[in-house]
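What follows is a pair of complexes built around subunit A, which joins subunit B in one and subunit C in the other.
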Partner chain A sequence: MNGGRTSRHFGRILVRAIITLLMVAVLNFFLFRVIPGDPASLLLGGARISVTAEQMKAQRQNWGLDRPLFPDQAVDYLSATLRGDFGYSFKFRGRRVADLIVERLPATIVLVSLAQFIAIVCGVMLGLYAGWRRGGAVDHIATGASLLLYSTPSFWVAMILIVIFSTALGWLPGYGAYSPGVSTRSLDQVLDYLRHLTLPVSAVALGLIGQYVVVARAAMSDVVTEDYMVTARAKGLTGGQMLMRHAFRNAMLPVVTLITLNLGYVVAGAITVEAVFAWPGIGGLTVEALNARDYPVLQGVFLLLGASIVLANLVADLAYGILDPRVRQ
Partner chain B sequence: MSDAIVPYSPRGRARAIKGFLGQFLSYGGAQVGLVCLVFFLVVAAMPNILVGPLQTAINATGEFLEPPSSQHLLGTDEVGRDVLNLVVHGARISLTIALLATVISLVIGTTVGMTAGYFGGPVDVWLMRLTDFFFVVPSFVLALVITPVVLEVIGRGRDILGFRPSLFVIIVVIGLTSWAFVGRIVRSQTLSLKERTFIDRARVAGSSNLSIMVRHLLPNLVPQIAANGALVVTGAIYVETSLSFLGLGDPLQPSWGTLLSLAQRAGAASAGAWWYLGAPGLCVLTVSLSFVLIGNALEDTFDPRRRVIP
Partner chain C sequence: MTGSSQDKAPLLEVSGLSVDYGLKGVSSRAIDSVSFALRAGEAVGLVGESGSGKTTTAMAIAGLLSPNARVSGGQVCYRGNRLPIEDDAAMRPHRWSETSVVFQGAMNALNPVHRIIKQIAEPCMLKLGMPRGEATARAGELLELVGIPADRGAAYPHELSGGMRQRVMIAMALACRPSIIIGDEPTTALDVITQAQILKLLGELRSQLNLALILITHDLSVVAESCDRVMIMYAGRIVEDGTVAEIFAKPKHPYTRLLIDSIPNPANGKKMIRPIPGDPPNLVNRPSGCAFHPRCPSAMGLCATDVPSFDKFGRSRVACHLHRSSQEDKVAAHA
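Presenting the complex of A and B:
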């Protein structure tokens, strides 16, 4: 193994990730400054109330808006962002965007990671099996169902789930994360939370399962036709041995990358599902910010999504390099 | 495609097209997809003839959230508008947005990919950096922050090219943010095509770079562009529906996503008004599925390796 080449490979991946992240920041910087009426007037309550020229000037000076865009403001922006200072919300007056995001993040992480876990277990297993037994009954049903799920927006699945399980059957709540009036004693509250979590998690997971089945099936079908599988059969291995020793591990390679790459998309997709359930996560925050045109929050969310996507990509690239030595060349 | 020299003849081309169509139409998925698509295109072409003009709160013909009946086949919404009427008019908006956004994205993706692949060197490096960015950051996330800002800049006033400003912005933003995937595929295909002898021949014969790209490379890229174009449409429908659902659509020209957003705001799910949210959702599902099926069938037709395996 060539150490220099490997480190050069990882270095290149890292540089790319940093460039992408910088582009996210640059886009954020300019978008915020393109909005008509400069930020100072937006900060002064839409400037519909009478604001004197002096007040405006003081505000502009206060926020550093009287200085040139580049390099002064851009450098300020970058260094503030790096320090985790995303500015202040318009809607939640005076609250720091970073605080708002940190407050809402746990709910989204719980939702997304549970859904991701369920989707991986169900989707990948089903897809691998379908690819292994191509043309069988399981394959037909799984492929058909996953194409259907793949073409359905997950927020629509969420709405249908509410109609069926919440409105018609009354089994599960379809709104918020807690019922009002449930005792704050630990067990009741946890059970209540889980009941509220069920439908949102199912909606996000159903949206993902379709993709995972398709990719796992394709990966497995590619592996099945490889020469080493023929060799394995010629050596007299049984089907189960072939599956476990040769097919499974090779088929998992693209699947693992997809799952890692998908992380950012999952969070983005969860935004609409959270909106349906009024789930108190990043998605709910995004919708509130959109409706109130609360740009600082919107920009903060964009930066967060951008950073997590770039990070997921970095992990996927690194993982692929470790799992498959051929890539490093 | 083989490198053997095939003498060009119009009859040969006609036979090739016929063979392609025969192969393509032999897939069940392609048949289902095409039938659904033609149905929706017809509906989108003449909404006024089919269900009359778009209903508003003023000329609504029904009562509050009526379930489906012989008078309102798909029930009514919270202000008494006929859902069938809304969905049929929504078809026109949704399909127009998705198809126009796809055209923009295919033009950009093909141009960037072909230029990067053909010229190579620093042009390739820089264009691919740009592509990486759009490849990594999902179109939906970009559109989510860009659309409200652009709307704020141009205002919600007059129509642009016959579209309400927010729809026009959504079309352009989706088009500008969803081309990366096409760009990568076109580039890699260009890289292998430009080494082929017919490109050398064209260059020796004195063709300019532009004419080589347009007359010799582009026709050979059409299969890849078409197969991926179908998937780009699916993506565009998804992004448009999601953005409109989050309230970035235009209530005066409602797409299916806007209808779902209205249904959500009216509390249709908890009121059990399944017809109101079911109808637009099923339309989105059917149209996306049709494009996925058509895209898969095109890919199978163009790639003989995939045809061998059932």
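Presenting the complex of A and C:
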């Protein structure tokens, strides 16, 4: 393992990441324009006053949508994106896309990373235990439940949670992030925020737990049958020592890959759940932008998502290299 | 019984050991009434084809029977004490401290994510209670002992060749100064030259440390090079037991004779291998009488109905009806 080879390796990874992002940017441009619907008529058509064809045309001209898609619009978009200019929103008139995203991002990051944390801790532990004691009661229950959760759409889980805990029992709020009238800058506000956070976090976490249980269990049940586990037993190790010293780290290899890849979704991992709970995050913004065919906002959000997934892949490569000496070449 | 007339009391005594495997309600007998003794420092080869019970015998001795195995008869005594081979937890103190196993290290028997020095030091820490520094120092010495420079200890298993990994496996087996080492096909995945080196190393360590060795293999030539005694297993039973010299010069059991005939030996001008006809026996539905009779060129009517007894002839034993009459003479002489 010499420096020259390592830096060349990283150089290759970096070039690949940049190419991927460029392709994401190009695809984003065409993807949303393929969707039927016209931003101008969607924006103006909903107005109470009648809009003339002239006004509609002026609006399109204003947004630059009257020019040919290729090369004019596409080249403009790409060159602006490369300069770091993501443009202005159609729907939220006059607002910069970058500002909109930065404004909405913290709510999503809080929601998804909290849900990921809970899902990782519960799901991985449960999955590893189920794989270690394969065929036991915990295994049967955990595998069954996680397959059910894994295959259930999280927006549906979200609605069920609202029906039970918000509508029927009235324990927790099922809408938004803050209650109106709660004094700002106080413990009350923090508690209010946490109460609003509970159901959305649960909905996202429940959807993720299944995935972690399934992967961790499969990894552990593979490890249990490996020859080096027989060696560990022959060495006179106790069950606990075999688990902690020999099985755990090997079983974590695929799990860590999954965790790091999922980190990419922290910026936009809960679009449907956010929509159900009217959570003021990127997900809600995406749905609003989609309904208005707000191309610049959609392009911005998806580029951000693409970038964070590319970054997560990079981290996964590095993390795997640290955990598994065999890929440290 | 066996070995009572020997100069040294046996280190290990297996008597009438039978082990069954239960699988989905069907039980099959993996080993049946296996009896033998092992003296300190002795090297015994355990030879047989796949499914003959050689690995089950060895794993029973090491206390490594799988959870679906059941000991249905007999016992294993170590230094005169009966081993609780069916009790996983009770066998733990015995493992590695008294009996260690050299697995096929060339394959996956070493943990891929830990440095080899750590894997060798582990039993020193956990079983001998050494502090980390002392255990690591001992692991370094063990590496030197098997011919690997101690500074290679920082390597991971995948960075070593198959032969080196096998040496690491041997160093690891020596960690707690056991008196018995079981070699579970330790040279199977290696090329011939590496195989010879590993066998030589095992032989040297054995005389240096007065280790008893049980070498499991399906390769008689490996046994000829490195063992004092051979036990031939067929369908879960020992069919012949004798010194290497006796067995190779005058095999008594037809199966042993056919096994020796199937070793290619270009030096003798014997270029063609003579395979043994027929298929390995089905253990769930084993043949009646002598399990080898359907494949045996010398089978008689008696062989299909009566199980041959395992009789003593001087220093060797054989279970075959062909050698019955002489056995009766012996019994008469003794009486």
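FYI, the second predicted complex is superposed on the first by the 255 of 329 C-alpha atoms of A that agree within 3 Å, B and C clash if a C-alpha of one lies under 4 Å from a C-alpha of the other, contacts with A are read in each partner's own complex, and residues count from 1 in each chain.
By our rule, a contact is a pair of C-beta atoms (placed from the backbone, for glycine too) under 8 Å apart; a residue touches a chain by one contact, two chains touch by 3 or more.
These numbers come from a predicted model, not from an experiment.
Trainee: With everything superposed onto subunit A, say whether subunit B and subunit C fit together or clash.
Mentor: These partners fit in the superposed model.
Trainee: Considering only touches as defined above, state whether A:34 meets subunit B (first), subunit C (second), both or neither.
Mentor: In the superposed model, A:34 contacts subunit B only, not subunit C.
Trainee: Is it subunit B or subunit C that touches the larger share of residues in subunit A?
Mentor: Subunit A has more residues touched by B than by the other partner.
Trainee: Based on the superposed arrangement, let me know which partner A:57 touches: subunit B (first), subunit C (second), both, or neither?
Mentor: Neither partner.
Trainee: Check whether A:310 is in contact with subunit B, with subunit C, with both or with neither, and answer first, second, both or neither.
Mentor: A:310 contacts subunit B only, not subunit C.
Trainee: Where does A:140 make contact in the superposed view: on subunit B (first), on subunit C (second), on both, or on neither?
Mentor: A:140 contacts neither subunit B nor subunit C.
Trainee: Once chain A of both complexes is superposed, is A:8 in touch with subunit B (first), subunit C (second), both, or neither?
Mentor: Neither: A:8 stays clear of subunit B and subunit C.
Trainee: Using the superposition on chain A described above, determine whether A:231 touches subunit B (first), subunit C (second), both, or neither.
Mentor: second
Trainee: With the two structures placed on a shared chain A, what shortest C-alpha distance in Å links subunit B and subunit C?
Mentor: Distance of closest C-alpha approach: 11 Å.
Trainee: Where on subunit B does subunit A make contact in their complex?
Mentor: Of all residues in subunit B, those touching subunit A are 129, 132-133, 136-138, 140-142, 144-146, 148-149, 152-153, 234, 238, 241-242, 245-248, 260, 263-264, 268-272, 274, 277-278, 281, 284-285, 288-289, 292-293, 309-310.
Trainee: Which bits of subunit A are touching subunit C when the two form their complex?
Mentor: Residues 226-228, 230-238, 241, 245-246, 249-250, 253, 323-326 of subunit A touch subunit C in their complex.
Trainee: So in the complex, which bits of subunit C are touching subunit A?
Mentor: These residues of subunit C touch subunit A: 62, 64, 89, 92-97, 100-101, 103-104, 107-114, 122-123, 126-127, 156, 158-159, 172.
Trainee: Touching residues of subunit A toward subunit B in the complex: what are they?
Mentor: Residue positions touching the partner: 16, 19-20, 23-24, 27-28, 31-32, 34-36, 134-135, 147-148, 150-153, 155-156, 159-160, 162-163, 166-168, 174-175, 221, 225, 264-265, 268-269, 271-272, 275-276, 286-287, 290-291, 293, 295, 298-299, 301-302, 305-306, 309-310, 313.
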